[in-house]
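Read through the structures below before going on.
Common to both upcoming complexes is chain A, partnered first by chain B, then by chain C.
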Partner chain A sequence: MASDAIFAEQGLNLLELAHVRTHKGPIHTSEALDSQLSYIEETRKAHGYSRAVDRLFDLVLSYVYDHEASWQEGKNVIWTSAPLFPVFYANDVLPIPISELGRLGSADALTAAEDTFHLPKESCSMVASILGEFYLRSGRTPPRLVVYNGQCEPLNLGWELLKDQGFDVFRIEAVNRPNVADDAARVAQLQSFFIDDIKQVSLWLTGKQIDENRLAAEIKRANRIIGKLRRILRLRLHNPLYLRSLATMYTLAGLSTYFGKPEAYEDVLDELIEEFEANAAAPIPTGKLVRLAWVGGRGQEFGVYKTIDDAGGAVTAWHNADDWTRDYREDLPPLEAYADFIITGRTLGSPVRQQQRIEEFLPEFGAQGILFYGYIGCSFGSVHREIQADYFHRQGVPSIFLEGSFQVGPASGQILTRVRAFIEMLTR
Partner chain B sequence: MKANDVFGDDLVATLPQITTIGVDIGSRQAKAALIGGGSVHTAITASGVDSQETADRLVNRLLRQAGVTRDDLGFVVGTGYGRIALSYEDVPTTIVTEISCHAMGAHALNRGTRTIIDIGGQDAKAIRVDPENGRVIEFIMNDKCAAGTGRFLERIAELLGYTLEELGERSLESGKKIDISSQCVVFAESEVISLKAKGERPQDIAAAIHLASARRVRNLVNRLGLDPEIVFCGGVSNNLGMKQALESLVGHPFTTPKLDMVYAGAVGAAVLAQRHYQAGHA
Partner chain C sequence: MTNSLFSADLLPIHALIEAEQQAFIADEGGRKRAGYFCAYTPPEILNAAGLRHARLFKAGSPEIVSQGERYTQSVFCDFSKSCIGAFDKEGGDPFYHAVDKLYTFHTCASMKRAAEVIEQFVPTTLLNLPRLRNEAASRDFFRSEILHYRDDVAELVGRAVTDSEVSAQIALYNKVRRLLRDFSELRKRPNPPLTGLDFLELVRGFYYLPPATLLTAYEKLYQKLARTHDDGSRPIRLMISGSIMADGDRRLVELIEREIGARVVVEDHCTGYRPFAHTLREDGDPFAALADGYLDQAPCARMKPLDDSLDFSTGLAEEYGVDGVIYVYLKFCACYGVSKLEFLDRLTASGVPVLEISSDYSVSDIGQLKTRVEAFLEVLQGQRDDRIETNSKEHVHG
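Presenting the complex of A and B:
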């Protein structure tokens, strides 16, 4: 069996895999991790002039490991896919985003998903990678998960499979408000439902009611950080290569998580703003830079980001999971403000509404074309992309689909060819 | 071949008097073209495992054909999937994607080209070209499905007992329409085996395979928007069965330039190398 050979090479056979909970020593997921790390290391070196970027990647790289260590020391640590980070911080819970498993996920994880959960190869790589990676990390990582069931049904089934593996899963029921013209009574009903969810998860996490004053403070912090990110994105417009595309993606990714260290992350943002404002020049001549919009998942093939930069492009307009375009309302009580933010986000997240925001920001960020990024096998994302690409095609805005895998590893040559050709095309 | 015959006087008049080479390392075949001294020279070989070694071999062969030395080389452009590995310390070199190179090559070889269908060893592309300058306007690339690619056709030829060259030619002898239902290469292979077992003639199976594969490519062209003149490039462009199936589905005859279009990418790379030299990038 092929998987036997894969694991044998790494000193872990299928028999051992079946007893991975008792396996001691380093986790055998380093094969592909190395290649992602090499992109991060290269990006870090390319930013040798920026202390802020250096500190940013310290946060990125230490996130999962520091929190797993904190859990082993007895702290309250969870994995999560729910957009509730301020709620977690208000509850003194240390959250790790499940999306980080994409960076850790490897061929081993997919093999484990195939062998253990019987997921065929053509399944969504995100689901397979998550299941496989949790399986491999079982026993050495926090076994509690707070998940958001508004993502997709295959993932929802995945959480059930993880329960069978001994993981304790709390599901936040999604509140959907697809119709922006919903009446006030309907919106109030949705808010009430979601507020109840927040209260329930807080009880599940800590055994106590959420401290609303703490949540109010976290909402203030979130707004402060969103404002700083907006400032960075706009400062970056004058010098996009000062903060290259992969580093920018990670700077934005921190918006959702603060990389588990809110104060340190905010310090990095402050330092980055100082560096931009000091008009520190990038050591790379910009020439005729092709500015692009990125729409969709953050992507795990970091080679794509590097290719964009190397080919003479820069992503300047960002529309991924990290929404820097909206603030929380501070004129509402904190639980209500939080629910309002999430429910409004669900409305804005519809493909047609999202495309309005994409269009709105294209001119400000000088984006000449759009990179739509989605994961292989994700039918949800592909429908969104079709609708949006068709719309922008009719508007005369060039776009390209990039389909990537949640399984980390170097980007395939053909994806990179397409990225490079797209930039060559726009360089005309 | 004389450059004026291949490109036409108007393009040749815009090129600098310098020798350049384009090297296109594809997944199956490596092609190279030299432009210089008023002539165009081409060379082809199997890609092999070492892109640099393959490229060196092609470059040396072209230099011998053209009767020039390495010192005469003004610029090299590398393209194709193996382009990343190419580098020359003694000659200014850059890399350009095969999409841009095919566009420039098809433009150089046929000035009116507006749409390119390029089917290579491992993928298929449809490219819209600006007929004014050979630049890419838009492109779609199918790199997820191997149906209709060179490698797929090689496999089908083996199953039917044909050489690759015979596969296209013999499909034109088909007298019966057979439907290939599978969209997937792996299943299409199984279907071919079943059809053989049922006693269907290889010529008819070959025609059915070409038609099924051409449908996938036609979808690419449809998404891009058909804009004649259409030029068929890449290794599969020499397959008569695929050409006929595509022309029939697309509903327009393809323009046939004077040079074998397997060289379109390499020629485009050599033309772009001329432009790079002209722009002072050397």
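Presenting the complex of A and C:
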């Protein structure tokens, strides 16, 4: 691995690593990097001092291919957009998140979507990219999908179109907690329905009832991992650029999926904590660093993350699908605990409850401004952004809207310029 | 034909609707006023509680769309933007401003987001609506959401809403639905006694008028129209399918019927015939009847499986003997935009020619729209002439 080579070559210990510039190749500008993969490689090189980051990106890059290979070998592998990874692991099912298709997607996927599904030209890039990529991969990727009805309408319709391409789709019914305040009885009612959903999907996946002891063990693992992520985010506050923004986003993304390899992912987190703790004694001076919150989709235009870091910023607070702020309740039976975690979650549903969650963690992470991120053509994210940006504006927290594309490709120069300008403004 | 959009026979009904809207705004009688957006919201509960209520589907004005764009991006459908814009206190629509409480079932994601904006302007309760319409679990879940809706309504009016009151409303609304179906049946005649614009006005009445008022007025009208002789030349018969056609969005039907001379004989959309194709069960638990009945109604493309919507659409085209279908989806309407190819393919496979139109509430494309619709109708006329010629030859040689 790259970091192993650096260790051997330079005889460094972890304490010294943060001070070492390991990048030896030509310096790329953000605009020169033309795909997500290039940005990952660039970020990996920039973290030459961190074996944990190197291993993290190994997990990231092998995820889809390893699971597709497992499917070829006859293992139970599915694609999914449902927030049910511990349930899948408890059922011995290997899940691949559909969001990974964006990183793999290409301009060909968009063309395929346009030609095959005749999507209206105004369709959001995420939906077109996902449909096109599934079309191009059909026959060589697992044909079973578990999807969540609570997502946006274009995706919900898109799954129907995939049925004609030979994909078998299981839908988890939409259960959300739509209002800012709901009484306990209603929440319990929603949870009860969601528990039935979990039972149904388990039957569909394996033909058997879910083993609740296995689910309890997965919940314990999830809590352990959430705790480690919280530890990493807090350690990172002392030295944000030790783990740059893109690498942090991926570290967090693993919370939802474990990149298909739970033990290996947890090992990476342990190693990262070890590296941070070793470096805690010698933090890099970052007095002028502009700390930011990222709110919205994880984004597929990785140039944005690089630009943030290069411009003197760092994303320290995160609000996306990966909920690192709270644990599953272990005092409840496992199915109830799982349903409780989803239904009372504040990363989905009412924008006001989401806003409350953001407001709670902003101070601890010292965020001076918020980057609201959404995908081009996605109307649904835009409303939440407007409501939340207005609220935080009134609280004196500046923000900027970034709209990016979902499929592979460089971030537009305009987005990067806006990011730089925003950070420059906050620096003053 | 009058200068209004509909036949002279509809004028008294139009007057009733206008009076009801004025009363709603003026708060006559001091009753609480509730609004809802979608055809999946049972008005039976609102009426059982004695609320003044209306479906909020007034849209079609570019100004109101712009008003909504203050809170959304342009990538929202114009209907969603109009709903937001109409509630906006700066500008907007007095009818919407008069609403004391908004009830909205989570239908499409756009309308859910619209409601999340609107709750800044008016007290709003959002409710879940399952997508899997054929699952027993969906029905139980929807029933429990309807119970929550009933409790919320009861709190609004300050009294309980009883099972027997709800049962009585189901029976009453069933009568109205049957009557609207009867009106639509008249459109199966070769020369229907009511136009597509007339039918849209009757639907408007369904969503604004108290059902008892409506029954009295509509029954008389039905008797009159049913007696009309079925003679004269047979117009080209069309079905309109797709996204919502708002109260105020009449330009396409007006173009078809008043400028080109064809006839819309049925609608597969949620503000035309579609919501009236089904009757609710009147016995047993009224909330189970509402849950089953609203899930069993002819489905919006939002419901799953999509095949149910496709089957309904093709079946309706056949039932009404249409010469062609105009499939209209609002720009950015995912339900009917993303799935358009499925509809077009299924209708075409059933032998019905289809014209696809992507629409919004701007007025700039009316010329292009007219050209496309005229060309489509010319093709349909040509096909019909060919059929007549073939039939007459077969008759001669037979």
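In this text, the second predicted complex is superposed on the first by the 379 of 428 C-alpha atoms of A that agree within 3 Å, B and C clash if a C-alpha of one lies under 4 Å from a C-alpha of the other, contacts with A are read in each partner's own complex, and residues count from 1 in each chain.
Simple rule for what comes next: contacts are C-beta pairs under 8 Å (C-beta built on N, C-alpha and C of every residue); 3 or more make two chains touch, one makes a residue touch a chain.
Here the structure is a predicted model, which means the values were calculated and not measured.
Q: Should chain B and chain C be called a clash or a fit once both complexes are overlaid on chain A?
A: With chain A aligned, chain B clears chain C, so fit.
Q: Applying the touch criterion given at the start, work out whether A:Gln189 contacts chain B, chain C, both or neither, answering first, second, both or neither.
A: Only chain C is touched by A:Gln189; chain B is not.
Q: Give one of first, second, both or neither to describe whether A:Gly366 is in contact with chain B, with chain C, with both, or with none.
A: The answer is neither, since A:Gly366 touches no partner chain.
Q: Quick one: classify A:Pro120 as touching chain B (first), chain C (second), both or neither.
A: In the superposition, A:Pro120 contacts chain C only.
Q: Please work out whether A:Gly312 is in contact with chain B alone, chain C alone, both, or neither, and reply first, second, both or neither.
A: neither
Q: In the overlaid three-chain picture, which partner chain does A:Glu153 touch, first (chain B) or second (chain C), both, or neither?
A: second
Q: Kindly classify A:Ile387 by the partners it touches after superposition: chain B alone (first), chain C alone (second), both, or neither?
A: second
Q: In the three-chain superposition, say which chain, chain B or chain C, touches more residues of chain A.
A: Touching more residues of chain A than the other partner does is C.
Q: For the superposed model, what is the least distance in angstrom between any CA atom of chain B and any CA atom of chain C?
A: It comes out at 6 Å between the closest C-alpha atoms.
Q: Quick one: in the complex, what on chain A touches chain C?
A: 117-120, 122-124, 127, 149, 151-154, 156-158, 160-161, 164, 171, 173-176, 178-180, 186, 189-190, 193, 196-197, 200, 350-351, 377-380, 382-384, 386-387
Q: Inside the complex, what are the residues of chain A that reach chain B?
A: Residues 398, 403, 412-415, 417-418, 420-421, 424-425, 428.
Q: For chain C, which residues are in contact with chain A within the complex?
A: Going through chain C, the ones touching chain A are 71-73, 75-77, 80, 106, 108-110, 112-114, 116-117, 119-120, 125-132, 135, 137-138, 140-141, 144, 148, 301-302, 304-306, 329, 331-332, 334-335, 337-342, 358.
Q: For chain B, which residues are in contact with chain A within the complex?
A: Touching chain A: residues 81, 84, 96-100, 123, 130, 135-139, 141, 143-144 of chain B.
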